[in-house]
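Chain IDs A, B, C and D follow the sequence of writing; residue 1 opens each chain.
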């Protein structure tokens, strides 16, 4: 480790501990780390947005090939983007709405077809299961569970009818499926979250303490 | 026709069916048809939560998710925000809307401003209610967690598109003693909201929330249309499963499933 | 209220403390719970065992430091295996958020344990290239299309190992240690188009998705999360005594330590759930009485 | 009135129609596909411009805090300093000013100041906040998993079984149950949620395109 790296590791380790102190309670060290984090991260995205979004998508195409048929629409993009700033001019502040309107319009359009084609259809097709399990009793049971599960959950989401009687019972079964799914997914996620903590502890123990000891010539 | 992508014919059929159902029910609702929509627990609790914040003299915290307005969940969240802001305006409770996405921030400000105007209390509106924090998911979470612990809002709304920060926010809010109403369609985050919040709008309930709260005929009609499409999809699933089980019309499943 | 009933409202900081200790202590003092090797991991190990000294494995670092706790032990164990078994390695990174950091650190760490290795002959570090799938297609045909130079700036034409294999398709085996979608791309692009055997090491969160690829035969093997990594470590430790010294180093990050932590933390959480319920019932009984 | 209210709604309508129509045409279809794909590129650029809205708001808010010496004004200085450091070096790197080759590494392999900040300030803070989840998932489990009623009990049993199935000592017994629960009942529940939510999202899209849902624009419903 170079001196500069060791210095950086120390800063990183101290900031790690500052944030972790929040687990005990809110305190000035946490507040310091929180404020620094907010500032640094916003600055980080200023750099990333300029370098990875605006530079390659707007400036470079215009600089390299000038205004052509292919790049012409980028002027429109720039105008819609700049129009967002009209909110700072009180008289025409409502101009900014148009940019939001175009942005939202485009994406709700995309989302609409993508949700119907990419989610509803394949998920529905996957639920059209062979309830005989092709002769295998286990497969038949699994197919039946999936079939009932999907239908009862859909019934739970039915808004137009009061959930009582048979409908209410089916919707209740749907809730049980949801709870079973949520519980299982919760239990399944624990491992990944603990791995993240192991990562931080490894950093503190191996890179920070170990690295410092190594730099001081103690230990291996 | 040479340009039409025939592999997407199934999607076109569904789209047309869906639009016909929704438009027909909007029309029916506008001419005074049945508008019954079942109770959605989390939504009925909103007024109580805002009321409690008012009594305690504490603020209402509204987190509109971490995604931009290119995500439908964010639009759905802003519709709920419009309602919540209307309530804080009427009750005179303090509202705080921190943002991670700058476009959501710009939109949320318009939404809240209009809600205060509509409630007849533009005097109570302030530009500092809706503010920007940072673009990073976890830095944003750290800041909002700090607010929860320091200012102890009486009601936390966590509604929109959330990722890993869902549990960080919900647990911190839980520990600070707030009533928490959450809502998301992110399947992976639902378990955490269900475990750590008082009420959770699950998936489709989030999208329906704005319409439910607005009580407008056109909005409610669209929910009915969506319900009918759902019934049609369920029917096709049942038919498909029967066909698969007795091995007839294998084409149905593959036609629906092609992507 | 009985003492037990009071536990329903125990300060959650006690839970935090126990989870913290349950993570720190096994990292410092490994316990070594037994590891049972599963087939998807063994298949990768066996594949490398069939390779000879002229064969080449492509190892792609498709993850960054964020998931290093899970992914680092995988790449480390695979490298130790390849180098101990005398198989050549071409390492590269495709993951934008710190893939290069993980790649360089891992190569430095492991090659230090094998002083006889010769750079450019036994292994090469190509560095990072962005572009995802597009880059993957390029390097399948010709490494120099995606990486004109290695990470040290040496043109590939000056590296003997790179004369031996033109593109990834000419290698004998490729392993992607990945977070997110990169592993799928290796299966869909490289395996499907060139028939090169592919194996994936992935985080626990994405393991279920990858099982489908394994079952479909698009992947030869799968290392899922820390558990899979600990299995691979076990295989390497059992069969290559030269690696045992390295794995005995207390300052080494290993998957078996990680699995110790997982076991203890999972048990702590379950214990708290049990206590919480006992307390809940005691509390209810007290309230009724 | 037209410009303030009708125009945004008309823009939403047309902007929404374009990708829907384009979706049903093959790649390479003239006009339709090109229009939609250039609009897509354009929206990425628009989102890039938006960040400045946030930056301005953060600067305004924190400068005000410092000027008025509001509670916690010291932290406002820390925040602005952090933002200025990363933001200025990031902007300079993006514009290739002061001999900076970009926002990554220098030619000699040393990190640029921006890269240094992201390695030693940003990344560790981010990873630590993420890692706090390990603690919170434990405390949430303790509090939420109680045998209160049928629903809560199902939640608890499923979670505990899966937790046991994920660790070596529980795996022989609970491993197969875990896999079954994840694939069969959890798969079914997720599928139900996805189908419902997708229809809900599509319905919301339609309301937005038709101008029925407009609270995101801050437009009064009666206008």
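Please note the rule applied: a residue touches a chain if its C-beta (ideal position, glycine included) is under 8 Å from a C-beta of that chain, and two chains touch if they have at least 3 such contacts.
Remember, predicted model here, so these are calculated numbers, not experimental data.
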Smallest count of steps, each to a touching chain, taking chain B to chain D: 1
Label of the chain whose CA centroid is most distant from the centroid of chain A: C
Centrality ranking, top chain (CA atoms only): A
Which of C-D and A-D has more C-beta contact pairs: A-D
Length of the line joining the C-alpha centres of chain A and chain D, rounded to whole Å: 5
Euclidean distance of C-alpha centroids - chain B vs chain C, Å: 38
Rounded Å distance, chain C centre to chain D centre (Cα mean): 27
Whole-Å separation of chain centres (CA-atom averages), chain A against chain B: 16
Residue numbers of chain C (touch at least two other chains): 12, 16, 19-20, 23, 65-66, 204, 262, 265-266, 269
Contacts with two or more other chains, residues of chain B listed in rising order: 8, 11, 15, 18, 69-70, 72, 75, 103, 106-107, 110, 133-136, 138-139, 142, 175, 187, 190, 192, 194-195, 202-205, 208, 223, 230, 233
Residues of chain D touching at least two other chains: 20, 23, 43, 47, 50-55, 58, 119, 122-123, 125-127, 129-130, 132-135, 137, 139, 141, 143, 145, 155-156, 159-160, 163, 166, 182-183, 190, 193-197, 199, 201-202, 204-206, 208, 216-218
Overall pattern in which the protein chains touch one another (line/ring/star/complete/other): other
Pairwise chain contacts, counting only pairs that touch as defined: A-B, A-C, A-D, B-D, C-D
Contacting residues of chain D [partner chain B, same complex]: 20, 23-26, 29, 32, 43, 47, 50-55, 57-58, 61, 122, 125-126, 129-130, 132-133, 136-137, 139-141, 143-145, 155, 190, 193-197, 199-208, 212-213, 215-221
Residue ranges of chain C in contact with chain D within the complex: 10, 12, 15-16, 19-20, 23, 33-36, 65-66, 98, 101, 204, 208, 227, 259, 262-263, 265-270, 272-273, 276-277, 280-281
Residues of chain D defined as touching chain A within the complex: 3-4, 7-9, 11-20, 23, 38-56, 58, 72, 75-76, 78-91, 93-95, 102-103, 114, 116-135, 137, 141, 145, 150-152, 154-163, 165-166, 178, 180-199, 201-202, 204-206, 208-209, 216-218
Chain C-touching residues of chain D, taken from the complex the two chains share: 119, 123, 126-127, 130, 134-135, 137-139, 141-143, 145-148, 156, 159-160, 163-164, 166-171, 182-183
Interfacial residue positions of chain A with respect to chain B in the complex: 19, 22, 25-26, 30-31, 33-34, 37-42, 44-45, 84, 87, 96-97, 100, 103-104, 106-108, 111-113, 115-118, 120-122, 124-132, 147, 150-151, 154-155, 157-163, 178-179, 181-183, 185-186, 189
